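Both complexes shown next keep subunit A, but they swap its partner, so subunit B is in the first and subunit C is in the second.
Entry: the complex of A and B
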């Protein structure tokens, strides 16, 4: 199979979605094996696409394949695929994580209601995501983008009997939808300027200076709004922590590894256009930095395992946007890949804990689980090290690259701010690990009933654990070459006119990175090691107000709720009132009543009684006589 | 007889079969309720089949009008010249699409009304008369018959709502009929003014259109009468601020009437704007279209906003219809190929999608006797299929890709941005509001804990599944593979006077 047929990667899971949603219910075990077969096939095909791509002469020549979709006059719409290193990387990430999540779910979701439906939607999700990353035009990107969103809606609201799950699903859909307003506006603005939806043609037009600066900036910012919504960047971040209401494998797949990186992907894909628009990259950097910092603070005081991981996801997405803002898509994609592996691992690990403790995800009730759950504990440990950025785990290398790129692009102040975010990452990761897996159990009852999960769940953990440990090494020239990439991932993906850039270890930054990780880990260990209540509450005692603000996540949710209730819904009540009482009752019914009233008055003109008419004639004659006298006289 | 004439008889049959059915039903005793149902179901199937044929057999590369049939009705009298009044039926790309819509919705509505017990004979007589009028309007190339069929389609509504309706039905029926008749008066004046001004002694529409383009209808005349035609037709298309019959009318109407009304009848208004506005008075259109654009935008945003806080499910759909018809008017007002094509796509999309929504509301209202959202919750547990169908309709309403609403709205947005980027942005924002009111409904009605009060609700019947299934097939087809629609529609739209590429 050649890379031209890469559309099969999406078509196969889409087909299995239809199969499972129509016929999954009566199948034995809800057809969960079809889920594994479906994604497994895509996973295998990924390697064929990769091999074919690397064999293509010129090594980085993109592969395109498109068909005519519709015609209106001289508006020709083509739909097709565009395979380049960015797409290939996303293929790898999405199929790997999705396969692991599918396998893990067989164990985790066992006995849940609507089991078949869960697997069906997972297939649809994978299909839409794969479609999104290979689309050659922005319209197809938008279509897949929305389909990904609706799959997310269905999966977050999977436990629809729970009000909170339904509310979270609604919140996620509407919040991202607000961003999508921008996305669609941006896409149409670019179409208006260039007459095409094709991404490459738009990039060429932008680079050739065919689009005015101010116009391009507005269009790019509109698209970036959509990216911020999907990737949960401040101020759109509020939906992601709530999305943890979904089953945990979904959190791993959608809200950590794949869907939320759609915004990062699209920004990377359009980065040449961003680069042309003055100031756009600065905005991207500022949004990324703000998000990384704010969510770092928010994660400090959370007690729900999944919430901590959710905030860390938002923060890490901020890191990726910082890399993009520095104009370096290869680094962003590299961090995206390593993050996908270790974050999927952490979420699946937390899923294993939740499953083992009968749906307990509060750190205050856990503790000491490493002994009970050795495989989960060990793999979680590896994932935490990767997230905290400890050398030589995957996260270290990609984070280090981001600092280098950031320093080149924007200089010291940005590096310092991002460094603070990195320290907090190390801190809350350590806190999470210690409070869940180390020390004494805080709730004996929960602890007693805990047991290690089965192989169908630990297998994926081990696989992802290995990836989290070693996947960072592909940056090295030799390693990259050995596994088929000419010169590691940073040379595999690069912004065309920047040229490939070979990875070199910058020991100054590496030392800084190691230092930041150490500070964060040490601080967390000092506070939480050994269940010392005195130390662990040091922040809460030092400033209760600040601690409360962190726990309440800077009141973003309250602010938005008020804005919706007072603003949007208030306006809606006004409009509805206006429609009822002004337009309808006054305008429509009013004219009916006026007609009736006029009829009631005017009917006296035609009473049918002779005396009335005689009177009118007499009065008329008299009136005419008077008028005549006046005129003459 | 040429092949095209032969097909002309198909067009005639599509319009005549409902009329024949109505006459046939007159002969059936009112006590034979099953006979009435069988006749109606068969009629629906035939009409649906014929309309699918018209859509499929329309040749995209062929001439502008196809399947022509002309019967001279009256000519060479005191004031009528040659071809004075002809029964001139034909289809172009737009009306073939509208025919498909009408056929599908008519069949779906006919079988959805199966459970009507009270005087179902009379119900179906009026129902099929109405549909004959709808088909006739879409097919007529003669101004006289255009108006005749237009009125034939509107009049039965009064009885259909007043007799078989619910919730303040007399008020809803009277208001709806009076407002629509008010619109008709404006059209009626326009029709005679045009006949007089053109002074050709004929109601033949192609000849009048030619007169509109070559200046026989003076620019001043066109600018004067274009607003009358557009407002007259616009009332039926829920043109803001003449839309208030829509929420109340839908709230009162029985299920099938809501389906046909929102699904098809409102499209007659937009279709009239194309035929009697854009085609007949291009100068007037060029002058007034910015105004229609403004009213369309107001309708789109206003309807979506008002829908956000409604509690009656039918009112939500009533206001969302105002919003979606606002998109149609916007698309028409763009006067460029993509936008106008999008408007016709939206006419089809809104038709099938709203018909499905009203079918679903009817399915639950017949059992629960309430449509207040706050009464429900967790309905998924007892009516899973109902929820799936409603969700599909709702997501199409929201403009989710893969369903018809996206295809249509997307074309409208692109068309609008070409000339009115700010209005385009507002329209996209209104689409986000749609997500707000639909998801609110999903969350309240479908999900959450279920009240035991609803534990014995029944899921969709076989007939409702068939009816809804057809509508869903149409929704998905336009959402995924829209080339057959855009090919047909744009073949007609490119020939409209004043429409730019």
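Entry: the complex of A and C
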């Protein structure tokens, strides 16, 4: 199979979605094996696509395959696929994580209601996500963008019997929707300026300077608004922690590894356009930095395992946006890939814990689980090291590269701020690990009943654990060469006019990264090692106000609630008044009353007597005849 | 040969008689008869024009046949209504059948 047929990667899960959603219920075990077969096929096909892509002699160029979709006057809309190194990376990430999550879910979701539907929606999600990353035009991107949003909505609200789950699903959908409006406006603006939806043509038009600066800046910012919503960047970050109401495998797949990086992907895809618009990259950097810092603080005081990981995800997405803001898509995609592996691992690990402890995800009730769950504990440890950025685990290499890129683009102050975020990452990761897996169990009852999960759950953990440990090495020229790539990841993904560049380790930055990780880990270990209640409450005692602010996540939710109560409801009140008294009473009822009154007056013209009507007809005909004669002269 | 104008004048006279009957008569049966007069006047027109302007073709004749057919059906229906009216109201005066209004 050639890379031109890569659309099959999305078509196959889409077909299995239809199969499972219509016939899944009566199947034995809800047809979960079809889920694995479907994603497994895409996973295998990915390697064919990859091989064909790398096989293109001479250079690694994009592969395009499109068909004419519709034809309106002079406008020909072509839909198709565009495969370049960014798409290939996304293919690898999405199919790998989706396959692992599918396998894991067989164990995790066992006995849940609507078991078949869970797998059906996972297939639809995989299909739309794969379509999103290979779309060659913004319209197809937008369609897939909304489809993954719908899947996210359906899966966050999977336990819809729980009110908090439906609330979270609505919150996620509406919050991202706000950004999506921006995305749609941006797409329309770019279409208006260039007359095409094709991403490459838009990039060429922008680089050729065919679009005015101010216009381009507005269009790009509108698109970035959509990216911020999808990737949960401040101030749209509020939906992602709530999205943890969904089943944990969903959190791993959609809300850590794949869907939330759609914003990063689209920004990376359109980065040449961002680079042309003056100031756009600065905005991207500032948004990324703000998010990384704020969510780092927020994660410090959370007690729910999944909430810590959720804030961590938002923060790491901020890191990726910082890399994009530095104009460096290769580093952003590199961090995206390593983050997908270790964060999916951490989420699945937390899922394993939650499953084993009968839906307990409060750190205050866990502890000492490593002894009970050796495989989960060990893989979680690897994931934590990768997230904290400890050498030589995956997160170290990608995070280090972000610092280098950021230093080149924006200089010292930005590096310092991001460094602070990295220290906090190391801190809350260590805190999470110690409080869950180390020390003495805080709740003996929960501890007693805990047991290691079965192989169907630990298998994916081990696989992702290996990836989390080693996937960072693809940055090296030799490693990339050895597995068939033209070299390290920076020699695979690059902006056209920057060209590939070979990775060289910058020992100064590496030392800085190691230092930051050490500081964070040491501080967390000092506070939480051995269940020291005196030390772990040091912040709460020193400044209760600050601690409260962290725990309440800087009052973002309260602020939005107040804004909705005052602003939206106030405006709605005015609109409702207008609707009731002007539109309804005057417009609708008024026209009905006017018609009724006119009818009441005019009805007396109707006598009911046949000769009257006959006379009217006769006079009418005579009148017409006379009129005809007069007109013809 | 009788000129076309004669036929047209005759047709106009018959039609005018029909109109007068419809407007002036009160008895429903007579109104219907007057309507028949009007229809026949129209048929006469068709035949006359067909014979003079378009000889050899039967288009006008077909129209006349259709009018006769439709008129028969129409009278059959209308007389049935008149009979029902007479049965119910003991009258055939069209002025008294005036309740179909507001």
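Basically, the second predicted complex is superposed on the first by the 582 of 633 C-alpha atoms of A that agree within 3 Å, B and C clash if a C-alpha of one lies under 4 Å from a C-alpha of the other, contacts with A are read in each partner's own complex, and residues count from 1 in each chain.
Throughout what follows, a residue touches a chain if its C-beta (ideal position, glycine included) is under 8 Å from a C-beta of that chain, and two chains touch if they have at least 3 such contacts.
Worth saying up front: this structure is predicted, and the values here are computed from it rather than measured.
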{"item": "Partner chain(s) touched by A:204 [first = subunit B, second = subunit C, both, neither]", "value": "neither"}
{"item": "Chain touching more of subunit A, residue-wise (subunit B, subunit C)", "value": "B"}
{"item": "Which superposed partner A:365 touches (first subunit B, second subunit C, both, neither)", "value": "neither"}
{"item": "First, second, both or neither for A:192, with subunit B first and subunit C second", "value": "first"}
{"item": "First, second, both or neither for A:611, with subunit B first and subunit C second", "value": "second"}
{"item": "Subunit B versus subunit C as contact partner of A:568, first or second or both or neither", "value": "first"}
{"item": "Complex contacts: residues of subunit B adjacent to subunit A", "value": "175, 178-179, 241, 244-245, 247-248, 302, 305-310, 337-338, 341, 378, 380-381, 395, 400-402, 406, 410-411, 413-414, 417-418, 421, 424-425, 428-429, 431-432, 435-436, 439-440, 442-443, 446-449, 482-483, 486-487, 490, 493-494, 501"}
{"item": "Residue ranges of subunit A in contact with subunit C within the complex", "value": "603-604, 606-611, 614-615, 618"}
{"item": "Residues of subunit C touching subunit A in the complex", "value": "19, 22-23, 26, 31, 94-95, 97-102"}
{"item": "Subunit B contact footprint on subunit A (complex, rising order)", "value": "69-75, 139, 142-144, 146-147, 150, 157, 160-163, 165-167, 169-170, 173-174, 177-178, 180-181, 184-185, 188-189, 191-192, 568-569, 571-573, 575-576, 579, 583-584, 587-589, 592"}
